[in-house]
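In the two complexes that follow, chain A is the common piece, with chain B as its partner first and chain C second.
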Partner chain A sequence: MARAVTTNRKIINTTAAWAIGLLIFFPILWTILTSFKTEAQAIADPPIFLGFDWTLENYGVVMERSNYMRFLTNSIIIAGGSTILGIIIAVPAAWSMAFVPSKRTKDILLWMLSTKMLPAVGVLYPIYLLFIKMGLLDTRFGLTIVLMLINLPIIVWMLYTYFKEIPGEILEAARMDGASLREEVLYVLTPMAIPGIASTLLLNVILAWNEAFWTLNLTASKAAPLTAFIASYSSPEGLFFAKLSAASTMAIAPILILGWFSQKQLVSGLTFGAVK
Partner chain B sequence: MGHISLNQVTKSFGDVNVIPPLDLEINDGEFVVFVGPSGCGKSTLLRLIAGLEDVTSGHIEIDGKDATEVPPAKRGLAMVFQSYALYPHMSVRKNIAFPLRMAKVDQAEQDRKIEAAAKALNLTDYLDRRPGQLSGGQRQRVAIGRAIVREPAAFLFDEPLSNLDAALRVNMRLEISELHQTLDTTMIYVTHDQVEAMTMADKIVVLRAGNIEQVGSPLELYRAPRNKFVAGFIGSPKMNFLTGATAAAHGAHTIGIRPEHIEISREAGAWKGKVGVSEHLGSDTFFHIPVADAEDTLTVRASGELGLERGEEVFLSPIMEHLHMFDAQGLAVR
Partner chain C sequence: MSLKVSTLLSACAVTALTTAATAETITIATVNNGDMIRMQGYTDDFTAKTGHEVEWVTLEENVLRQRVTTDISTKGGAFDIMTIGMYETPIWGANGWLVPLDNLSEAYDAADILPAMAGGLSHDGTLYAAPFYGESSMIMYRTDLMEAAGMEMPDAPTWEFIREAAAAMTDRDNEINGICLRGKAGWGEGGAFITAMSNSFGARWFDEDWKPQFDTQPWKDTLEFYVGMMNESGPPGYATNGFNENLSLFQQGKCGMWIDATVAASFVTNPDDSTVADKVGFALAPDNGLGKRSNWLWAWALAIPAGTQKADAALQFIEWATSKDYIELVAAKEGWANVPPGARTSLYENPEYQKVPFAKTTLDSILSADPGSPTVDPVPYVGIQFAAIPEFAGIATEVSQEFSAVYAGQQSIDEALEKAQALTADAMEAAGY
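Coming up: the complex of A and B.
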């Protein structure tokens, strides 16, 4: 029997959930609101919540001053490319760890994750030097590779978790039915893992899209993605909050829309299949 | 064809030796049941034959050809798994078609075989459903359908009925037996349930700790168990064992007598005891009676008409021709 929940209790729970949700969403909401204010209203004290003169001026200025489409293209190529490349490398890795585990499999998984514990700035210098030597500085290719490597442990972990949930007997059945290893992966494993692969793809596109440390440090102008576009509005001459907010809103809009449409996938991805 | 022969086959997982050297012949068309308690290596043995596990040493021959190194896909065997292992993302039709698709059978031939299998297994109305929309018994039939379309040299069943409820299990048992009659193909069936073994098998292989304890027809095993383990494992309820002076009186270390081979009387008999728990099945009643020298309380099968009160004193006599005698090592003495 399900635990009885009183109406009062329900109201309290719902209110609390909304309050926490709004608290988390508030900075994004504030950024979006600020993007429609004038520079003066943006820094007004006390802050104005809704009663300001709504204006699109900031968006006009931002579009005029910088080439949004170029940053957007770079973001799409870098985030998309690094994710797809990561998946291609991670599928066989996760397959072997999930279905043909060895004594060291757990150690390898932990070791991979441990690389995420290292502060990125610790390896900035060597990677920067490597990029100079290899002529990868400010190239989309270089950035794609770096972001792929950064997110690879997460991709492998997620896929590994999803593959682990697929009963080994089904793959054995495919083998008994005459499927080769390629056919087994192509016709049985992959279709069954599609929800998992989709969540992994989504989460990693978001991670790569929002990644700011490497994208800011390894690009100048040619390969700069939207993170660099935002940063270009916090200039040393002084902050222009309204324009910075407009730029931020434009940068996060595509990923926000993508996230909105794929909420279900994302939730199951983030909970690693714990919630059905 | 489906003659399988195991030659000095062993299997170890790390340092653990699951199957000591083992020889076994399975003849074409035979229904062979591997039976034994959990962990006796029966599933491992089946998986070795399937090729899902590699043998540590020894050889497996299928139809006279060495198949030891042949991958499972190429052995020409079909397997029905305990969990059914259907492809959840495919319809019933596609599930059954999968082995044909892998074998690159042309579409018309595929359709013909699927229709035939579906008809034989009462699945015609469900061909376009997904496995998730089927009951346990239907899923089991799909798994069998997927196995029969390949026309394999032998069928391997790994505890296929253990996830079904009791009534369905009896039905499926009959269906599988009928299937064996119709197809006349070798079947190897793994179970821990001795009733399944007794009712279905041409030949039972009793396993314990990877060792073959005895191979024989159901009635051979029932009538002439080679040792105490087989005697206790085959038959339901299990055989009663008595030791001590009672056994010594018959010149044995241990004697065994099945519940159905004991005569019960209020007046006189060989052993005396007080009636304990009774289990009434209607046709029969099982009385549990503590008796001197018995390893456990003695189980006696009597007619359902016999009304004995709890605590009533009774006399029990074994039917001598059905008495089994064992030496100190548990081996049968004749």
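Coming up: the complex of A and C.
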């Protein structure tokens, strides 16, 4: 039986939720606000919250100085490509681990996750040398492969968790009805796991979009995505915070919009199976 | 007549074809500093003159350092020109990672490069990078506050005078700090400042046998003076202040004096950004009567990595970007105060440039810095705010973290110096010194 919630309790919960939400969102809000200030207003002490002369000058300077569309295109291709490629590999892998586990399945899962425990810089030189030999330096293809490999353990783990929630009997029934393995995965398993796959997909697009170690170290000018675009506006000798904020806002805008429109799927996928 | 016209047309066609055949796209890695950004805006001038296109990769200084070091040490060839400093150039030149700049054209006039800059960007007498702009450090001070304090800034003050003036200018009620100095951890931030300052107190990083010297009295004197003065007259939280934080404080009128890079002079005197633009004076960095001032020497320079396939086009770009013509191009479009400073002797002989208020002190600061003899007692290394050995960046970053902990009140000066001595000795022993 559901517990009765008083109106007062509801008001407190809602207020607390909004306060926490605003606190988490505040750095992004501040970045967006700073992008509309002049450089002098950006460093004003005490800081100016809303009472400043709003200007689009920083956006004009950034658009004039940088080829934003090229960075954006690279980000879309690299983040999207690495996620789709990862899902294609991870779905069968997670299926086998969830429905036909072996003695070593748990070990394999842990081993996959352990690759995330190594600091990225530890393998920078070997990967850099491989990229030189294979002609992959500063290519979108090379970066797509690297980001896919980096995020693959997370994709497999997430899908494995979702697949474990699906009763094996349903797949068994499909098999008894004569479904092949491909049909079982494609037409039975995948539709049931759509919320999980969607949230995995979204989360990995966000991770790949924001990845800033490999995308900076393995690119120069041709394949550089939006992380390199932001880095180009950071300066240790000169105050360019307003321009840096404009560049950051332009870099995060696409992913913020995507997150906003898909928040329902994201939340339902992330809480999938949380309440039994 | 028609023969002449056809000959002319043929010549044009041949020139066009040759240009088209040899036109290349070069990739340049650079930092996001004002002068570098300005240079990117004039790339069309270079393309019009040579036919070569330019792709820019602009990164934050530390990211750039890591990025270009990875590429050059693996001969990756991702860049045709790299923007590097005085620390990397002699080390990379010695490693054979850079193309020697020994075939610069006569018109370029390499002899015009300031000797201190050319010396710091060479190894065994060979130039490996051409300075785009150079800097030293100097005092920038508020003339109105100095006057109100009843004091007059000498052209070449001592540290004692600076401490006295800082105390006199400090007005805590009105948030005015007598002096703003770097305290932020990092070998290129607070580490650079305290190393340059220590030179004037008679300290040094290593003796002639590469033995660390943090257990000597001059280092203790340096830190005691710095901490004492900053606690009396510095801004709150100075342990985390670097160049940008102090620039922000000075531009808002919250610093009486600021000792930092000469390149900051154009920022603090720019009325668009600075509230004190018309009240700034300049003087040489202080000394302690021991024969060495506390100013450093640095240059952002353009070098060609040995792995490039486009060395000729890269050399053409370097000649264009660091030429006298480029300086004149910027002066014509944006005024003399905005030309890249500190690289060429002829700039300081130019009567128009001599009218810029900070030109003379900048030149005097650069000329008084000697990377070959940076300290009172002899040392085995080259460099003023650094020692040009590969191990320095790592060691100095850790040492500066220990010093920043002192500034933040987390440990004593003796503790920090003891740790600095131990960690430097360990690192040098491990490196085989």
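We take it that the second predicted complex is superposed on the first by the 265 of 276 C-alpha atoms of A that agree within 3 Å, B and C clash if a C-alpha of one lies under 4 Å from a C-alpha of the other, contacts with A are read in each partner's own complex, and residues count from 1 in each chain.
The working rule: a contact is a pair of C-beta atoms (placed from the backbone, for glycine too) under 8 Å apart; a residue touches a chain by one contact, two chains touch by 3 or more.
All of these numbers come straight from a predicted model, not from anything done at the bench.
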Review point. With chain A superposed, do chain B and chain C clash or fit?
Key: fit
Point to revise | Partner chain in contact with A:Asp177 - chain B first, chain C second, else both or neither | key: first
**Study point:** Partner chain in contact with A:Ile20 - chain B first, chain C second, else both or neither
**Key:** neither
Review point. Is A:Pro191 touching the first partner chain B, the second partner chain C, both, or neither of them?
Key: first
Review point. Touch check for A:Leu239: first (chain B), second (chain C), both, or neither?
Key: second
Practice item. Could you look at A:Ser221 and tell me whether it touches chain B, chain C, both or neither (first, second, both, neither)? Key: second
Review point. Which partner, chain B or chain C, is in contact with more residues of chain A?
Key: C
Exercise for review: Classify the contacts of A:Ala40 with the two partner chains as first (chain B alone), second (chain C alone), both, or neither.
Suggested key: second
Review point. Which partner does A:Ile132 reach: the first (chain B), the second (chain C), both, or neither?
Key: second
Point to revise | After superposition on chain A, the shortest CA separation from chain B to chain C (Å) | key: 50
Point to revise | Touching residues (chain side chain C, partner chain A) in the complex | key: 27, 29, 31-34, 37, 40-41, 55-63, 66-67, 70-71, 74-79, 188-189, 242-244, 247-248, 251-252, 254, 261, 263-264, 267, 272-273
Point to revise | chain A residues touching chain C - in the complex, by the definition given at the top | key: 39-40, 43-45, 65, 124-125, 128-129, 132, 137-138, 216-217, 220-222, 224, 228, 231-240
Check your understanding: Of all residues in chain A, which touch chain B in the complex?
Key -> 167, 169-170, 172-180, 183, 187-188, 191-192
**Study point:** Touch list for chain B against partner chain A, complex
**Key:** 50, 52, 71-74, 77-79, 81-83, 85-89, 98-99, 102-103, 146, 150
